[in-house]
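Shared between the two complexes below is chain A, which has chain B as its partner in the first and chain C in the second.
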Partner chain A sequence: MTEASGFALSSTLGLTLVVLFGLAWVLFGWYLGRANKTHEDFALAGRNVGFALASATAMATWVTSNTTLVAPQLTYQFGVWGMVGYSFAALGLILFAPLAARIKRLMPNGYTSGDFVRLRYGQSAWWAFILISVVYAFGWLISLGMAGGILLEALSGLDYHIGMTAILIICVGYTLFGGLRAVIATDFIQALIIILGVVLIAWFLIDTVSLETIHSEVQDNHPQLLDLLFPAAIMFLFNNIFFGLGEIFHSNVWWSRALAFKGSVAFKAYLLGGVLWLPIPIVTGFIALAAPQLGIFPPSADMVGPMVAAEVLGKIGAVVVFIVVFSALASSLDSLLAATSDLVTRDIYHKKLKPDAGDKHLLRFNRYSILGLGILTWLFCLPKIATLGALLNFAGAFVASTIFPIVLGLYNRRLSGRYAALAMTLGTLSGLAGYFVVGFYVAALVSCSVSALICGLGLLLSKHKFDWQQLNEQEEHSA
Partner chain B sequence: MPNRYGFISYIALFLLFTLLARPVAAQDTMTQFTLSAPEQSREGYFVLALDQAPLRGMVVQQSSQADFIKIDAEFVWFGDFEKMTLTGFSDGNFYFRLKPAENVQSNVVGVTVTHYPSWQAYTLFFTGLGLFILLVITIITLHLRSRDTKVAEVQDD
Partner chain C sequence: MTMGLTAFSTLVLVCLVLTACAPVILIGLWLKDFISKQIW
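Right after this comes the complex of A and B.
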């Protein structure tokens, strides 16, 4: 801690790190972006991503503010279950592995998850799906922007708005230049930084504050954190799993990767990405349990991770924490910007507004979309509206309703568009009711339950038989 | 020659101001903080907030009694933040105040922690478990069934 301010880094050092880090990523994005010649190059990296890059991007994209800031937050709030429960989000990547292989096989020339829903279920389901996707994308984008601000504020006392603005400018910058190619390449480097950094922090923490002292302090003064029958934590457990599944199954972030990966790489890449990701929330969450022992009681629960790490490791540690968390945030923010701009360009602009748009026109519009999304996110981030955990779990009410419609839509011909639309709409509304009446830790579970029930009814009652060939839509232009 | 009454009046006023000024000056060094917290918590965590920036080394005291006869725990206020998140509380009434010192005083706030009933937690847990098992079985069954078929043959799924 610096004597004067009580923060691990001085605000000057914090700003210097942001500028250096930002310049490096933007230049790298520009360098990689020179290979992009067509819209397909920009949006899907030429559909030629190999196994190593594929696994790294799957893992790094899933290591985000969720893992580096929210996992410690939920451990601080829900104790051991918060930590273990969070790691179960890896199931999202693992269970998406077979779906990714199926997606690649059914839609070898597909672009987005929106494409699939439109072709498989029709317009009404598409509208419900797009609404869910937009709410989720903005919820996640805002939480990532906020996390950048919270990180810098926790480490250096720098105003929240400066950190938030900085991470948005950096990620918009290199995604704008490099497209998905830059996103995947930076993800690979960021994945290495994250794994090394997290291991380093945990090792130092156990070395500095022993497990025995952490345990006795928590047991004496915060006993609920060690209670395996902690009611809110038990309620949260499966909610978190369904939230993670909903995020991955519906989001174009993961679909665009499945479509960009080479041949049969998708299955193995998602499986390995999930297995690599599994221990990370355990490590980052464990950090939070040391907070009471160190006398750290954060102003907001989502600041606990970086504050503990900085306290234990001092100035150098704070720099390591900064680089790790900033990498994690950037690896997700860039992916989300790229995937959401693809969705806007392909599903809304190209398919609804300008069907005759040429390749160069779409490429240009895609870049404008990234810029526009960045600006909108910045505006939404200005007021710090909720804690990260609460904000993310609000989106859980939306995304969990898509799990069964997506799974059944990929494998079963009988579920019709009407039932899929109803499942997503009523699932979301029920999830929101759960969010406001009970709490954020039941939203996804309620949403998924209602959606599953309607899908089950749909399978029983519908006589619809979908023709899989309809998924191979012919492009209207090649210019 | 100055007016005697006027001179005495000035001296009296001077003494009056000086005497009045002493308690005021002493009060300047004492900071009265207003502590606030939610009345209820269902998860065992909550945020204590101050109405102004904290002083260095300030301590929050916790007691199960509003008169603080017995202090159960003390938490040092961290950094320059105006909020502090406390966590891991079991069911019960908890009272908080800033540890009285020469220069610090605060009000007392009470938080009642009432966790969700077990039946509600278990109902949601087992609903989630059942749904999750259903989903995993669905994915594995459908994937194995479709794994070796080509797209054209998928019509028969």
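Right after this comes the complex of A and C.
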């Protein structure tokens, strides 16, 4: 630590970085937003995003507080399986690639994942799905807002509430001005910043401490972290795979991108994004294994990554960590704000409350939704309610129940709405039971298994034959 | 069964090299899209 206060950066420098980055992103968002003429431009970037931006946004959005703060936290708790397990979340992006291509083909005029569930399964499944989506979106939004506050506090001693408020204001600002176009363009730059920063920190850590020293220290004093048969860690590995699949397969963050990418881009962009993401949690995670060697015992496990980097690289390291985590948080927060506001605007407001709303009206409402979501998130973030990992894994019980209903809904005509609704509801309830009775590391696993069982039963018993044409809903806008 | 030094070092170094390649790939793709006017 370089400052006399015991923090790597002074509060003034931390706040200056936030203000500079904030201004840059908001101005860039405003500049890009000038091209948005319709609601479709704002929500789906005109459905015309090219391969480079598409791949970068897939990768950058998936690099979140999970990867930069929680991957080191889980490595610190579960050792090698913690970081390897985290990297397996790349499977979500890779396996979503064919789904994205099919979504684009089946729903050329679609807007959201909610559109798909409503048209494919009907009302009861839609309600279950929207509830899951809202719980997940808020869980993620809150964890990202909290991560902003934790980061600033860990690195500069700035009050948690100031950091959390700052990152929310910045992301709401540029998403409000630029819509999905701004989100995707900033993601490209943020992706480059994240990768270069992570590589720089890892390189300096290896150069300073060496992999041999880290390994021997862990082997002598914390051998369970290198244990390949660590039971809870193996359970975590499988749980994380299903959690990642559930997160991506159901969330409108990924559906809206699939619908926004140019015709043939969706498949290859998700595939490349996943492959580029795969090694990142291992690079960020192994940093945590150096903590005992450096005499770092963080007050909260999710601070371990930033604290190690700041210790090894001093002030410059702290600035790099700060910029990397800030970019990672922003690249996910903006995506989530945009995608959730699309769900609120399209699925709830337009389809349920105001079916005759015109294009300009929807565009205005979408902006209000972003603002409203930002304020709600801020209110939920005010009390620091849980560690980031615990909060995210709670959401695993919800999202893993959607994996089979989504995949079967896209590829199989026979699964009916009744079974899909039942699979999502009972899957979620069982996952929550697993979370409270056994532990967070089984929530997604239990939820997905129960949901799969009900879907299997549905396929056996159902005589339903869905007509794919029903997914191609035509739009009627009054003005 | 614990992970040995060689396996640990190889895992970390391979992942570090792969991560370092990502910006080159992304910038290359962006240039290709920019030249062919396919960014948006």
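The definition used in the following text is that the second predicted complex is superposed on the first by the 477 of 479 C-alpha atoms of A that agree within 3 Å, B and C clash if a C-alpha of one lies under 4 Å from a C-alpha of the other, contacts with A are read in each partner's own complex, and residues count from 1 in each chain.
Following the convention adopted for this analysis, a residue touches a chain if its C-beta (ideal position, glycine included) is under 8 Å from a C-beta of that chain, and two chains touch if they have at least 3 such contacts.
The model shown is predicted, which means the values in this text are computed figures rather than measured ones.
**Student:** More residues of chain A are touched by which chain, chain B or chain C?
**Tutor:** When the residues of chain A touched by each partner are counted, B comes out ahead.
**Student:** I'd like to know which partner A:326 touches here: chain B for first, chain C for second, both or neither.
**Tutor:** neither
**Student:** Answer with first, second, both or neither: which of chain B and chain C does A:80 touch in the superposed model?
**Tutor:** So A:80 only meets chain C here.
**Student:** Using the superposition on chain A described above, determine whether A:157 touches chain B (first), chain C (second), both, or neither.
**Tutor:** first
**Student:** In the overlaid three-chain picture, which partner chain does A:452 touch, first (chain B) or second (chain C), both, or neither?
**Tutor:** A:452: touches chain B, not chain C.
**Student:** If we overlay the two complexes on their shared chain A, which of chain B and chain C does A:129 touch? Say first, second, both or neither.
**Tutor:** neither
**Student:** Between chain B (first) and chain C (second), which does A:62 come into contact with in this model arrangement: first, second, both, or neither?
**Tutor:** Neither partner.
**Student:** What is the contact status of A:223 with respect to chain B (first) and chain C (second): first, second, both, or neither?
**Tutor:** The answer is both, since A:223 touches chain B and chain C.
**Student:** With both complexes overlaid on chain A, does A:211 touch chain B (first), chain C (second), both or neither?
**Tutor:** Second partner only.
**Student:** Which of the two partners, first being chain B and second being chain C, lies in contact with A:365: first, second, both, or neither?
**Tutor:** A:365: touches no partner chain.
**Student:** If you lay the two complexes on top of each other, which residues of chain A touch chain B in one and chain C in the other?
**Tutor:** 223, 227, 229
**Student:** Which bits of chain C are touching chain A when the two form their complex?
**Tutor:** Per the stated touch rule, the residues are 1-3, 5, 8-9, 11-16, 18-20, 22-23, 25-27, 29-30, 32-33, 38-40.
**Student:** What residues of chain A sit close enough to touch chain B in their complex?
**Tutor:** Residues 5-7, 76-79, 95, 98-99, 101-102, 105-106, 157, 218, 221-225, 227, 229-232, 234-235, 237-239, 241-242, 245, 292, 295-301, 304, 307, 403-404, 407-408, 410-413, 439, 442, 445, 448-449, 452, 467-469 of chain A touch chain B in their complex.
**Student:** Using the touch definition up top, name the residues of chain A that touch chain C in the complex.
**Tutor:** 45-46, 48-53, 55-56, 59, 80, 84, 87, 181, 188, 191-192, 195-196, 198-199, 202-203, 206, 211-212, 215-216, 219, 223, 226-229, 262, 272, 276, 278-280, 282-283, 286
**Student:** Give every residue of chain B touching chain A within the complex, in rising order.
**Tutor:** 42-45, 47, 56, 73, 75-90, 115-118, 120-122, 124-125, 127-129, 131-132, 134-136, 138-140, 142-143, 145-146, 151-152, 154-155, 157
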